[in-house]
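In this document, chain identifiers A, B, C, D and E correspond to the written order of the chains, with residue numbering beginning at 1 in each.
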Amino acid sequence: MARAVTPQRKAINTIAAWIIGLLIFFPILWTILTSFKTEAAAVAFPPQFLNFDWTFENYTTVQERSSYFRHFWNSVVISLGSTVIGLIIAVPAAWAMAFVPGKQTKNVLMWMLSTKMLPPVGVLIPIYLLFRQFGLLDTRTGLVIVLTLMNLPIIVWMLYTYFREIPVDILEAARMDGASLRKEIIYILTPMAVPGIASTLLLNVILSWNEAFWTLNLTAAKAAPLTAFIASYSSPEGLFYAKLSAASTMAIAPILILGWFSQKQLVRGLTFGAVK
Amino acid sequence: QTLTIATVNNGDMIRMQGLTDDFTSEHPDIQLEWVTLEENVLRQRVTTDIATNGGQYDVITIGNYEVPIWANQQWLAPLEDMPEDYDADDLLPAIAGGLSVDGTLYAAPFYGESAMVMYRTDLAEEAGIDMPDQPTWTDVMAAAEAFNDPDNGTYGICLRGKAGWGENMAFITAMSNSYGARWFDMDWQPQFDSPEWTATLSDYLNMMENYGPPGAANNGFNENLALFQQGRCGIWIDATVAASFVTDPDESTVADNVGFAQFPNKDGVDNHGNWLWSWNLAIPSSSGNVEAAKQFVAWATSKGYTDLVAAEEGWRAAPPGTRTSLYENAEYQDAAPFAAMTLESIDAVDTNAPSVQEIPYTGAQFVSIPEFQGIGTAVGQAFSAALAGQMDAEAALSQAQQITTQEMTASGYIE
Amino acid sequence: MGRITLDKVTKRFGDAEVIPPLDLTIEDGEFVVFVGPSGCGKSTLLRLIAGLEDVSGGEIRIDGTAATELPPAKRGLAMVFQSYALYPHMSVRKNIAFPMKMAGMPKEEQERRIDNAAKVLNLTDYLDRRPGQLSGGQRQRVAIGRAIVREPAAFLFDEPLSNLDAALRVGMRLEISELHNRLETTMIYVTHDQVEAMTMADKIVVLRAGKIEQVGTPLELYRTPRNKFVAGFIGSPTMNLIEGPEAQAMDAHTIGIRPEHLDVSSTDGRWRGTVGVAEHLGSDTFFHVHDTGLAEMITVRADGEVQLRHGDTVYLTPQDGKLHRFDEQGLRIA
Amino acid sequence: MGRITLDKVTKRFGDAEVIPPLDLTIEDGEFVVFVGPSGCGKSTLLRLIAGLEDVSGGEIRIDGTAATELPPAKRGLAMVFQSYALYPHMSVRKNIAFPMKMAGMPKEEQERRIDNAAKVLNLTDYLDRRPGQLSGGQRQRVAIGRAIVREPAAFLFDEPLSNLDAALRVGMRLEISELHNRLETTMIYVTHDQVEAMTMADKIVVLRAGKIEQVGTPLELYRTPRNKFVAGFIGSPTMNLIEGPEAQAMDAHTIGIRPEHLDVSSTDGRWRGTVGVAEHLGSDTFFHVHDTGLAEMITVRADGEVQLRHGDTVYLTPQDGKLHRFDEQGLRIA
Amino acid sequence: MATQHSRSAARVMISPAVLLLLAWMLIPLGMTLYFSFQRYNLLMPGAHPWVGLMNYKLFIQNPAFWTALINTLLLVGGVLIATVVLGVLLAILLDQPMWGQGIVRILVIAPFFVMPTVSALVWKNLFMNPVNGLFAWLLPKLGMAPYDFLTQAPLASITFIVSWQWLPFATLILLTAIQSLDSEQMEAAEMDGASALSRFWYITLPHLSRAITVVVLIQTIFLLSVFAEILVTTNGGPGNASTNLTYLVYARSLLNFDVGGGSAGGVIAIILANIVAIFLMRAIGKNLDA
């Protein structure tokens, strides 16, 4: 369909897409802008777009109040940790499902996904008791465990759809060439699936980063990630829009930037085999 | 040693976090870790932890509602052997009484509050209204009507509407007390079918509908504070601590124009609501650092801390409502125009007889039984729904009656 | 060195018996081609030999030792897949080195063999490229290179040329033949391409539904097909098979005559018919003759110069001794 | 009804001129085949005619009316794609009905035409299946069915058989030819398959790099290729092209002789050489002769019965009048 | 690939994942089930008497339960419809040639990265707040009455917020799916005389069905347990107007600290979620095979 698109048509597309894109993005933009305003300017009517006195005061206040970097570091450790461990468990499982499919494979996969439908609130108290029992409360280890289990079904599914696209021939060739199962996975499967693994990794980092129920309920101070950081701004006294915006910006910025930079991988991985 | 301290994200607590250098320099071996959370989340986290013996926290911030209940469960370490200079006798008796079980203190008050009326003197002047020091609800309603000017973004009265036993139910319970209503009769039968409750709720809804701000059903203390600071409320009836914020010229656009009055009563009912709340520091018995925690609690609720705040931020910012000595301090009286009214309000509270009728419970703007959190919140939701226009007062009350009866039956209070 | 014996080898997928018990011996150094219609079990048989599938019954012996239970890597065979199955993330050099690396061969020996294979296969200039940067024929050669360096007892090829275009196919066909001449290693080659089978094989195995229909040299199959199936399967255009009175006249249920074994005349001959579609290839002309009184349409291959048009009348005569006769079971009558 | 004229039609993709100005007339009812090496612009040309690409210059006329600016649907042409481009979620019936539904044709008429097409194409039993449940050949027929029902002025086929296996290809080739005989509609057919081009075409257009090298009937191209390119491109195995003294002796820069036009003798002949690889196809034998004193290796096609082995000495003689001569520009010398 | 050896290897390889998930499902679930038959209030330590099905009875009899059930379905359904419909339209728009496509994509994808808590806070305070929010300023400008979103249309507002978060996800998957559509199919349809609208309806949309099922499945998994958005914006209110099952269970077990009741609610929620799951799995299982 390489017929010429008239410039008018392209211009209309462009304008429409940009308007919609900006509308969708606007709340985030507005939050970022607000974070640079004084509290008074933040609630001023009519709203001030760029014509306000920019200030970094909110960021300093927020940083003074809670040590952002510790929360940030917890978030990094927890989300990366759970994703990496999840991958280590999921790669063999996905290998088995993709390359040695049995009659039950599909059912096992669907069952795995259905465990994600367990409403977390329903099992908080049992988990809390277990965690207390094993001394996992307020530890990063504890959160890594929970988030790994939470996201494992998704990781398995994503890897499974990815692996299915890898021709069996190549694994068989490796086998003929004398590779053991372990070597087959390490030297052939994993390197070939790098794009898929990367996008799985990304999506799960994002999901873990944003997970707000378990991270909030199973931590106190030591292991609390950014979700807990944000929770302390949810309803403070007095005017707080600017401070809230600053805290929000700080909480979402890392993942937003990561997401933007790795957009392509993410999009490819997200398709869950929906696109053949 | 590291102490993990759970606090509410309100201004006084956050200020305390900024001043901890003073403590850590005195106690170099003690490190402090802060968990700052919104009130509801904090309560849920702390309760889960203490009830399951989780031991995550060494110092917790809890209200005077929980203290006696939890102390009875042996969940709190008694605050005996406090350091010499702590001077427990200096605590306001109404406050200290609520935090003691059998004469032993189980939590140290960080600040205390009752409720009072805050209003805009500039608007009152404009409208030619004279707010008495002890207004009745009739006075308040008349003033609210006069102040209401929604076209210019000023609303007559701001009251709590957000559902929650510590949010709208705190206010409505206090209001009902002042209307002569009670939660339960002596057989623990809920009383929402009484005429006093009908009067309370319909007056509340009327005021809010006619003179309240939009979205009131989602407004709690913080939202109303923000509104009042922006000059959007003519009257705000809420906790006395608010006074120091609304008069803070850095944050409040109406700092110079705030007047104070006692919590209203209904004509003929001698009850000013009996609102008493304090945020207190307590030590879970599951903590492994009880001694260090005591050091910290003592520091944070000491006279010395008050002086420290005064030195750093001025007297007006001193945590109010806990110590007699503060109210005797002339500097404080000068800096805090609301001091007298605050003390008067607190002194007027009798937590043993919050209602004028006979009741089987103690409490103030709450009922001091463990089930109250659940019941209060469920009832609060019904009232909030009424405020949002989803049902009328009558339906809300009968729903409240039904919920409460069910819960009380389930918990074995009534057959 | 590369004698492979299948003894009552059977394969079932669930309930479906894809290979009924099958016996076959492949001699050392032979070039054996498996042909047969799609789905007849050629690939399955190859994979059984390779060890990529378990046999359901029977024995496989390689050089006299039982291999039935051995994992693929231990059988000393190398396989070249239809898709080449190169490792896309490794350079050509690494691809070729992989089996040696897995075997833990010393580096120098690896280098030596890689250089050698690269020279033989004309890949020296491409050793540092990735498979994605190679043309189809080059990839094919890398796959062969990877197989060669292991110095296997036998090579297994599963339709290795079917992804190449016609011109390349001819070239690669010659290269593999030459390789076989040089290495003299046993090769088992699966294809569905007539020409490949005929030109490359020492021995062709014709399979149908997992059963061996005939084993023999290409010309044996061409000249003396054991049954109607083989007769129809080998040769292009297909042999004309004629039933009815004409066949009975020759004491057969069916008679067969290849298109190239019919003499055409415009004046007289055994069968008289009308020309239908005529396909002019330049070098040859295929035409289809109707209305000969036979039930079947007859295909004739004639010279490129023959000038016959749709509707012309022709006379056809089968050449001497080129008639095949089959009985009711379809078996050849000697 | 289906006369298509291209007048100085040009196509550029960005800076690359894929089709330089090109003139071509296709007569009503003709079966025209475009051939040429990969990337020469065959598909592009077809898509320009279909209206799926805009021309960069020139005029296209269909039945005398200017079509250059018309959208594809308005040109009254039907196209059969290489991938068939069936709608995977619709049944065969719906697939075939789709163009009529789009044209708002009455239901009964639709039914009639579907039944008709299904009968013609032997699809009646498959009308309720999805394309995914059909074999390659059946899909191919559905694609044609979808084209037929529109009763177009001309059919455009872009390598419609290249996804089929060899046996099916032969069958479908005949079916399309018969369809053309029956419908007598103009057909333009792109292929890179020699045999298809030779057997199906009324007229072959040989393209190279977007330029027409020769237009003519298959036998014209086979017998009198206009230049070396066409000579080498048409015919299989390829024509032997010989340069050097032997050619100069015949007043040409290059002489060409087809493998099938060389007589083989073991005793005497014009060129003496040694047999290299011999490929026995049963019906024919191709062998490669080296060391003839000519620079080039010569390919010879001989009878299937010829018994020559690697290393034998043979004598080759070109048949009378079958030699082609080309000048330095590669053009035929008459 | 199916040798005995590889099959047993597969069993070994899949077992860590299966065992972990089984434990993750069964242990807490078992405990929840166990608690659900007890009178167990966190605030009242001591014995937890066995009360049989009373917790279930109370949970179901509570009128809030039915409201919550309906709200859950409305929320999930609403978000699914909004994201799929808008996602398809947006995907088609983004598939058109335009300038700065990459940047537009970045803008559109952004909400997906925002934590639910943050997005709820931002929408609630900066936009929907009836006094200070941007909408409170904007609506009168557009000649509309000011509207208190979270009070007057709480569920719809939450649906809107959640849709905003998930629209990027749907759009991206659908966009990739559209781009994977065989261009020859489009061209064939064009030659067949289909208008742009017919092409969308008869070709594009059916082609997207598989991608749509995946979007629906994944989103449902996450939407059934929407929680933070409700907690932050409305606390399930006013009344129960925006309480979904998850929130109701939360309210029981963590606001009332009624572990018994909460567990009963949790069990009910799990059962309902699995009913939805079975429906979906059926549908998607079919679609994924095809």
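Going forward, a contact is a pair of C-beta atoms (placed from the backbone, for glycine too) under 8 Å apart; a residue touches a chain by one contact, two chains touch by 3 or more.
Because the structure is a prediction, the values reported are computed rather than measured.
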item	value
Chain labels contacting chain B and also chain C	A, E
Centroid comparison with chain C (C-alpha atoms), farthest chain	B
Fitted rotation between chain C and its twin chain D in degrees, CA, nearest 5	175
Which two chains share the largest set of C-beta contact pairs	A-E
Mean-CA-position distance for chain E and chain C (Å)	56
Inter-centroid spacing, chain D versus chain B (mean Cα positions, whole Å)	90
Centroid distance [mean C-alpha coordinates] between chain C and chain A, Å	53
Multi-partner residues of chain C (at least 2 other chains)	52, 71
Multi-chain contact residues (two or more partners), chain A	1, 43, 124-125, 129, 172, 231, 233-234
Where chain B touches two or more other chains, by residue	48, 52, 226, 230
Of all residues in chain C, those that touch chain E in their complex	51-54, 71
Chain C residues within the chain D interface of the complex	38, 165-166, 174, 177-178, 192-195, 198-199, 218-219, 222-223, 234-237, 258-260, 277, 279-284, 286, 301, 304
Chain D-facing residues of chain E, complex	182, 184-185, 187-195, 198, 202-203, 206-207, 209, 290
Residue ranges of chain A touching chain B (in the complex, touch as defined)	39-40, 43, 64-66, 124-125, 128-129, 131-132, 137-138, 216-217, 220-222, 224, 228, 231-240
Residues of chain D defined as touching chain E within the complex	50-52, 71-73, 77-79, 81-83, 85-90, 98-99, 102-103, 132, 146, 150
